Amino acid sequence: MKAAHDTYAPSKRWRLPTFGHFATLLGAVIVATAFLVAVFAPYLTPHDPFAQDLNLRLIPPIWMEGSQATHLLGTDQIGRDYLSRLIYGTRISVLIGVLTVVTSGIIGITLGILGGFYGGRIDAVVMFVITCRLSIPLILVALTVVALVGSSLTVVILTLGLLLWERFAVVARTTTMQVRNLDYIAAAQAAGASRAHILLREVLPNIANHLVVVATLEMALAILLEAALSFLGLGVPQPLPSWGLMIAEAKEYMFFSPWVIVAPGVALFILVLGINLLGDGLRDMLRADLRQWRS
Amino acid sequence: MLSFILRRLWLAALVCLTVLVVSFTLTHLSGDLAASIAGPNATAADIAIITKNYGLDRPLVVQFLDWASHAAEGDLGRSYLFHAPVSGLIRDRLPVTLTLGLTGLTIALLIALPLGILAAVREGSAIDRGIMLVALLGQAMPGFWLGLVLIVVFGLDLQWLPISGIDTWQGYIMPGFVLAFSAIPALMRLTRSGMIEALCADYIRTARAKGLSRSMIILKHALRNAAMPVVSITAVQLGFMLGGSVVTESVFALPGLGYLAWESITKNDFPVVQAVVLFLAIIYIVVTLLADMLNALLDPRLRA
Amino acid sequence: MALVMPNAVLSIANLRVSFPRMEAVRGVSLALNRGEVHCVVGESGCGKSISALSVMNLLPRGAVRSADHIRFHEHDLLGMSERQMARLRGDKIAMIFQEPMTSLNPAYTVGSQMAEVFERHRRTTRRQALDRAAELLARVGITAPGMRLAQYPHQLSGGLRQRMMIAMALMCDPELLIADEPTTALDVTVQAQILRLLHKLQQEMGLALLLITHDFGIVARMAQRVSVMYAGEVVESGPVEQIFKAPTHPYTRGLLDCIPVPGVTKAGEPLGSIPGVVPRIAPGFLGCGFRDRCTLATAECAETMRLRDAGADHFYRCRLPPNWKQGTAP
């Protein structure tokens, strides 16, 4: 019966692949668009995102009454063009996402590969460090550090990077354990390759797929966390147009003009959704079941 | 079983100590604590006085041991801001956060478990895809933003629920829901994948061959085996929820630990911050420990 | 098919099971009388397990089952709702599986898993069900049944687990037992014990036993009738003595050449083997599934192959005449 199951079970593979493909494609398009917008922000903005005009405060977006054609999404509480700020905000989110993932990736992957490859005591230490990290209340510590060091983009990136590595470590560790015993690793060892060579040239490329999936998840998480920190006033400093900060600033006015919190929130939502869609698509392509560990 | 618990307790204590050291070091090394406490308009003399009064000129190890030994006796220091013992502040605020966390957890489980099971049972169907889509959308939703939107819609437009505070129990509904929302996608996905895996298992075929009813097969045989990773993740999520209460509590102005921490951070009241970090870490460690024990009860193989 | 048995416990006619990209079972017919052991034998992937699961309607997802009929006594299982089927399963028709390691739920005790069948079908109390379970454990040769009932599957050896599976299958006194390779996953010595036990219980309880196996040795020891399956079809079927004495299909002959037969195989004589593997049958495939591995295949073999009567209740599906001789075949 076992054999029969092996032969017939993969029935789910053929079910409606188009939905998954469409979703992945949509994710890729969203992410690519966000990157392009971030890079070419200065050429896309109709106004200076920092230019205030107190005569043009809280102008509603174009589809509402009292709007002005020059401000498609209206203006904020001190008359800055909302669309321009939103476009520049893409820069901040993308930058946070990418740099945080690079920082946390380096930390987490190093720890994970060391633990997974060497096992024993080293692994026990790595597991312990991961447990400790999980026990630390993330947002609280990030807030504290930013409060103490002073808020700036660099501080936020470093703080998040130093805190968000545990999923990289967990996945790198388990996947390294899986490839460690494969023949080519043994062959490389037998051929006298150095440890560093084996880890970087043999192990890392073979677990890279899984790490890419983690990277998407972490990028999404980093972007959301930055927004939350900025929202609480301890993230990216004013007057930078971080979406979280925009929501925080708009909060005072949302009772009278609710649309002010809509635009940055939706932007955040779409970008994170795009990254997650892309990540899910990559994971499905991987097919090897990357354990859903706190997904 | 006993040695298992002892081993986990020992590990938990070690983790706790490490978190303590890390958070202590972090608050004392990143930036000038005295200057932060003194505020932006303080003179050098002010800072010197504060340094002296709070003993910040002593070596870090001494400061830590001093703090830790007091903490062990239940004395967590005094708040600079509230001019009151930190332990008292925490005692006042903890119930709010725990209520909120448990409300959030209950809502999350009530939504995520049935939907996750349903998605697994109907794997590949439109229902499954719909549920997974909800998970995906939920994952992308910034919690604080969701909170604001709920306030505008249900608090302001419809006026169904209070927009802030906890004068009545209704005050917990929206924040509880927002908090739950952060945990639902992960719980739902894990329930689904665990159930799908369990439903493919040979013992499910045996159960069907025994003629058991569908509900028996799903709820007794499959769910019990899918439950273990879900229990673990629930504990982790509860920890995240309590940590995330900083955001939710400040959105809804709930007087809990998170709000206290946020106030203290913005006002540089670090003894409070440190104590809150410690408390949240301990809660997380205890909850995951309980989850491990629950798993040992669920899976007889772990008991051996 | 000529196998008309009016009093058959189980009768399957022209069963077909297909998956989106393959046909697993292509027109299988077989019948089974009370007290009879019918072996379905073939290599893995030939469709024998899928045929067995079809009877229980326990096919994996994506499988489509059709047949002229699948009859249990006078009830046609094909038309039954899932609810009606569930009432039969574990009660009148029981099944045991290949993997005793994974076929038991790791989270529940032996007693709980055995008792729930009885509770479900006989509406008894847990106490009565546990008594019944203890009785059956003793019957399958497990000592200290009271202690075993409180144990978890992981605390039992493979042989014990399979005994327990058998005991569990017999809880409600079934009339038909389907055993899907019940000994394949076990040690050789344990295999023999389990087979002896199955044989004994089958005789004592007058069970109709549909035994799925890949092992002609088991067929020789247990069965009255045998159906040889290949690529989703029954290629040969008949009384056991007949098949061993006069195998007709080239595949059956090939299989029998692969095993030593006491008194027939001479010492030092090499055992045969069949080159190649079982093909995957795509939808729309016609003719003999074995023709790619058959040294005697001709163009004729690509056409739909009828079942032929070799006399003495013995049927086969090949273009060759009965009693064809190696080397002289046309």
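As written, the chains take the letters A, B and C, and residue 1 is the first residue of each chain.
As a working rule, a residue touches a chain if its C-beta (ideal position, glycine included) is under 8 Å from a C-beta of that chain, and two chains touch if they have at least 3 such contacts.
What you see is a predicted model, and the numbers here were worked out from it, not measured in a lab.
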Q: Please flag the chain sitting at the greatest distance from chain B, going by CA centroids.
A: C
Q) Which of the chain pairs holds the record for C-beta pairs in contact? A) A-B
Q. So how far apart, in whole Å, are chain B and chain C when each is placed at the average of its C-alpha atoms?
A. 54
Q.
Taking the mean of the C-alpha atoms as each chain's centre, how many Å separate chain A from chain B?
A. 21
Q: Note the residues in chain B that touch 2 or more other chains, in rising order.
A: none
Q: Could you list which residues of chain A touch at least two other chains?
A: 9, 12
Q. Among the residues of chain C, which are close enough to touch at least two other chains?
A. 97, 99
Q: Note which residues of chain B are touching chain C in the complex, please.
A: 201-203, 205-214, 216, 221, 224-225, 298-301, 304
Q | Interfacial residue positions of chain A with respect to chain B in the complex | A | 9, 12, 15-16, 19, 128, 131-132, 134-141, 143-145, 147-150, 220, 224, 227-228, 231-234, 244, 247, 251, 254-255, 258, 261, 264-265, 268-270, 272-273, 276-277, 280, 292, 294-295
Q | List of chain C residues in touch with chain B within their complex | A | 56, 58, 82, 85-91, 94-95, 97, 99, 102-109, 116-117, 120-121, 152, 154-155, 165, 168
Q.
Which stretch or stretches of chain B touch chain A in the complex?
A. 11, 14-16, 18-19, 22-23, 26-27, 30-31, 33, 36, 123-124, 129, 136-137, 139-145, 148-149, 151-152, 156, 185-186, 189-190, 193, 200, 233, 236-237, 239-240, 242-244, 246-247, 250, 258, 261-262, 265-266, 268, 270, 273, 276-277, 280-281, 284-285
